[in-house]
Amino acid sequence: MSPATQDGRTGVDTGLGDRFKPSNVASGREDVPPLHDILEQTEAHVATRDFSIFYRDNEAVKKITMEIPMRLVTAIIGPSGCGKSTLLRAINRMNDLIPGCHTTGEMRFDGQDIYDKKIDVAILRRRVGMVFQKPNPFPKSIYDNVAYGPRLHGITRHSRLDEIVQRSLVQAALWEEVKDRLDTNGLGLSGGQQQRLCLARALAVDPEILLMDEPTSALDPRATTRIEDLIGELRGSYTIIIVTHNMQQAARVSDLTAFLYEGVLVEYGPTKQLFTKPREKQTEDYITGRFG
Amino acid sequence: MGMKARNLLDRLFSGVGVLAIVVMGLALVLILAPIFSRGAGAYIFKATVEHRRMLLERFERGNAEALAAEAEAVREARAPVYAMLARYAAEDLAGLSGREKREARQRLEEVEDILQELFGPMPGAATPVLPRQQYGATRWDRAEVKLDRLLYVETWDYSDSGSMGQQVLKPRREEFAGTALEPLFGYVETHLEAMLRPEWTFYWGFLTDSSFDAHIFGGIWPELVGTIYLTLGAMVFAVPLGIVSAIYFAEYAQEGRLVSLLRTCVSTLAGVPSIVFGLFGLAFFINTMHVSRSKSVLAGSLTLGMLILPTVIRAAEEAIRAVPHSYKEAAVGLGAGRWRTVVTVILPAALPGILTGTVISMGRAAGETAPIIFTAAVSVGKVLSPWETLTQPTPALSWNIYNLCTEHEAVDEIRHVQFGMAATLVLAVLLLNLVAIIMRARISNKLKG
Amino acid sequence: MGTPRSSRQSLVMSARANLAAALSRWLGNGLLLAITSVAAIGVLFILFFIARDAVPFFQLRGFKEFFTSTHWYPSQEPVEFGALSIFVGSGLVTLGAALVAAPLGVAAALCLSDVLPFGVRQAVKPVIEMLAAIPSVAYGFFALVVFAPWLQRLGAITGTNALNVSIILGIMALPTVVSVSEDALQAVGRELREGSYALGATRAETLLRTIVPAASSGILAAVLLGIMRALGETMVVWMASGNAAQIPDPWFNFLEPVRTLTATIAGDMGEADHVTGSARYHVLFAMGLCLLLFCFACNLISEWVVSIQRRKLKGE
C-alpha cells in the first residue's frame, strides 16, 4: 500500500462510505463483507506488526498485529485495564510522556514507522489528533482553545485563524451555541459542550486520524448522542479510532471493532459480524456480559 | 483501667491540645496587640501647636493664617510663665549670692530646660541649632510626661540597703516655696492645654515624610522606600531564577542522582541561618565580586534574593505540579513541544499559585534584617533614586526598628516612632500574607469548579 | 463535509532538522539544568565563602582557645577569643526554645489533625501562618520593649535574659513544629486510625499508642527544624538576650543574660569590618561556619528521618 495517494478527500468518495454507514451495520443487513475485503478496498491508515508496549517491565499490550482502514470508524473494546488506552495513545506517541514506557515491534502510519528516530513527533501529533476521556479544555477562551493548535503550527494571521476557528466549531456542531461568546472561558461550557470544544480543538489542526479515548464516558445520554452523531458525520473524512466501554456505542458508531483482552488482540473484524457472530469464545463472553 | 478513667484521660488529652492552640492564639494576640495599638499612636495622636508649627516650617503643610492666630493665643497663654521666670531672676535670684545662688540657678536652669522641651525656645532667645530644641513637645502624651517632670523632682531612696533603691517623687514647687516662681507650677498644670492646644490628628505624613533630627520629627518614608527597593530587588533576582528552577524540577528533571543532589542543595539552602546569608553577602557580593564598593541596595537585594530562593522554588514547583495533567496532555496531543506546553499552558495555569508563593516570600524579604545588616542597611539616609540603589546603602524598616530601639540616644523620646515602624512593617507583611491566603482560597475554589 | 487539505507535511525530519531539533533540545535542557544548578549550588557557594574567611582565624589562633576558653575580649589588648560561653549561650536559648516549642507544637499538631473539626482547623491555620509571617525584628522589638519590662515587673533583675529569648524563640519556632508534625500525623492515614478505633481505643489511646509512634520520625524532624530556626535566629537574641558573654551560674539559670553566636556576629561585624583580615574579623566567620555546619547537620538528619518514615509508611 502506498502512502497518502489521495489528497482532497471528501465524505463520500471513498466508495465505501455508504455501504458501511454505521446505521447499515446496526440495521442487521447481512451483506457485510469480511475484514480482508474491506481492507482490500481501502488503504490501511495505521498498521501494526508484533507491536508491544511496556510500562517498565510490565507488558501492557502484547504483540498486536492489525491494520486500521482509512476513513472508517474503528472501535476498540475490552475489559478495564486490558490496554485499550495504552494502544490508542501509542498511535500519536502520547506514551512518550510516561517515563519508563517503551515499545517493540512496529507501528506504521501512512506507511511510515512512527517509532523511527527521525520522526517529528510534533507533526505526527498534528496529523493524528486526540480527544480525551474527560473534557479538558484549557482555562482559556473558547477562541483561544480552538486557535491553540493552528497558532502552535505557525498560523498567526487573524483572518486565517478566524476562519479555522469557525470551520472547526461548525464541524464540531458547536458554532451555533458559542458564536456569540467566543471570548468566554472554555471551562464555563457544559460537559458535552466542552467535549465538542475539545473535538473542535483537535479538528482545527486538520488531522487525518482522530483518536478518541472513551469520549462520552463523562457525559450524560443526550450529550453522548450528539457526540455519536458527530462521529457519524466525521466518518468518511477522518479515520476515527474510538475506545469505548459501551458495547451499544461500539455497535452504533463503528465499522470495525477490535476486542482486546489482557493486552492481546483477541478478535478484530467488522462490527456487525463481531457482535452477531463472534469467532472467539472470549469475545462472546465479553459482549454477552459474562465478564468484564 | 475503667472506662471512666479512660474517658477522663481522653478528655484531658483533648484539653491539652486545645490549650496548646489557645496559647498559640494568645501569643499572637499578646504580640500584635501592643505593636498595633501603640503603633497606631504614631499616626493618630493629640498633636500640639508645636507639631503644626513643625509641619508648616519643615514640610510646608498646614494653614499659615490659622497657625498664626493659634501662635498668638498660645503666646498669650505662655506669657505669664515667662514673666514669672523673669521676675524670679530679677527679684529672688538677685538677692542670693555664692553657693546659694549657684544652686538656685541650677534649679532654675532645670525648670527652664523642661519648659523649653515643652514650649520650644524662650521668647527672644536665639534659634537653637538642633531641631529638637527648636520645637516644644509636638505630642500631647510626651507633653504630659514632661509636665510630670516639671511638677515633681525624682529622687532615689537607698536607705533600705537590703533591696533596690526606691523612687521618690517630690513636688518641685517646694524647691521654690516663697519665690516668684512658686505659682508657675500650678499655672502650667492648669493651663497646659491652652499653652499647647492639643488636637486629635491623623498624621498620614508619618508614612510619607522624611524624618529629621534622628527620627525625633517626621516620618518613615526613606525607610519604607528602602524596604520596597530591597524587597523588589530580591524578587527580581529570586523569582525568575526560582520559576525556571521549579520548571526544571517539575517538568524536565529525570529523577536521578544529580537531581536529588540538587534538591538536597535547595532544601539545605532553606535551612541556612539568615545571619550567615549576611556574612556571605559581605564576603561574596561585596568583598569578592565587588558589586558595589561597600554596602548597597544591590548587594542587599542579591543576598535577600538568595535567602528567599528556596521558598520561591518550592512554591512554584508545587503550583506547577498542581496543574491538571490533562492540560498538558491536550497541548502535547496537538503537537506542542515540551517548552511550548510549559509556556503556553502550564505556566498560565500555575500562575496564581506561583504568585501566592511569590507574595509570601515578598513578605519574608521585607521583614528580614540579619542579611542586610552588613550588606545594605544604614541608620540614617535619604530616599534613593533608582540608579543610586546600585551603589548606595539605604535605611530600611526592619533595620531601623532595631536601630531606633537599641542604639538611639533618646530611646524613650521616640517610642512612638519605633512602634509606628514596627506596626507598619508587621501590617505590610501580614497584608501580603492575607493577599496570598485569599489568592490561595480562590485557586482552590476554582479547582473545585 | 471535509475540506481539501494542503499538502501533507512529511513525518520524517530532514537530517538537518533532526540535528537542529536534537541540538536545541539538548541545549535547552542544558540551559535549564545550568540555571537550576546556579540556584542549588548557592548553598555550596555559601559554605565555601564562609569557610574561606573562617580558616584564617583558626590559622591565627588555633582551635583550643575558641572552643574551650570563656574569655571573650576581642577588642581589648591582649585580645582573647574564647567563645565557649557564647556557644553555651546559643545552646541554652535553643534548648529553652525547644522546651517551649516542642510540647506546645506537638500538642497543637495532634489537636489540629485529630481533635478539632474541619471548620475550626481552617480558622487556626491563619493564626499559625501569621505567627510564621511576623518578621523576626518585630519579635525582637516586642521582646525588648514590651516583654522585658513585663518580666522585670514579675521580679527578674533584668528583663533581657535567656528566659525572655527562649520564650520568644519558642513562639517563633512553633509554626514550623506545628505544620511539619501535622503533616507527619496526616501522612499516617485513615486506615491505622480506624483500625485502632475499631478495637475500642479512645482517641487519646489511638493517638498516643498508634499514630504518634507511626509519625514519630516526622515529629522528630519537625522539632529539629524548629530547633534550627531558633538557633539561627538573630534579631531576637541580639535585642533581648542581654548580650553578656558569660556562662550563667548555674548553667541552667535562665534569668541571667547570655550571648549567642548569631548576636555576636551581628553585633561585632560593625567594628570588625574595619579590620578586615584580623582575627577579630575572621572569628565571626568561624562562628558563622559553626552555625552553618550545625544547621546542615540538622537538615540532613531531618530529611533522613523523614525519608525513613516515608519508607515505613509504604511498608518497608
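Here are a few things to note about the model shown:
Labels for the chains are A, B and C, by order of writing; each one numbers its residues from 1.
Assume contacts are C-beta pairs under 8 Å (C-beta built on N, C-alpha and C of every residue); 3 or more make two chains touch, one makes a residue touch a chain.
None of these values were measured; they are calculated from a predicted model.
Chain-to-chain contact here is organised exhaustively, every possible pair of chains being in touch. Across all inter-chain contacts, the pair with the most C-beta pairs is B-C.
A straight line joining the Cα centres of subunit A and subunit B is 65 Å long. Remark: subunit A and subunit C have CA centroids separated by 54 Å (rounded to whole angstrom). Each chain gets a centre from the mean of its Cα atoms; for subunit B and subunit C, those two points are 25 Å apart.
Within subunit A, contacts with two or more other chains are made by residues 123-124, 126. Contact residues of subunit B toward subunit A in the complex are 254, 324, 326-337, 340, 344-345, 348-349.
For subunit C in complex with subunit B, the touching residues are 28-29, 32-33, 35-46, 49-50, 52-53, 103-105, 107-108, 110-112, 115-116, 124, 126-131, 133-142, 144-146, 171, 174, 178, 202-205, 207-208, 225, 228, 231-235, 238-239, 262, 265-266, 269-270, 273, 276, 284-285, 288, 291-292, 295-296, 298-300, 303. Looking at the complex, you find that subunit B touches subunit C at residues 6-7, 9-10, 12-14, 16-21, 23-25, 27-28, 31-32, 34-35, 241-242, 244-245, 247-249, 252-253, 261-269, 271-280, 282-284, 287-288, 306, 309, 313, 339, 360, 363-364, 366-370, 373-374, 398-399, 401-402, 405-406, 415, 418-419, 422, 425-426, 429-430, 432-433, 437. In the complex of the two chains, the subunit C residues touching subunit A come out as 1-13, 15, 17-18, 21. Against subunit B, the residues of subunit A that register as touching in their complex are 92, 94, 97, 99, 121-126, 129-130, 132, 134, 136-140, 148-149, 152-153, 198, 201-202, 205.
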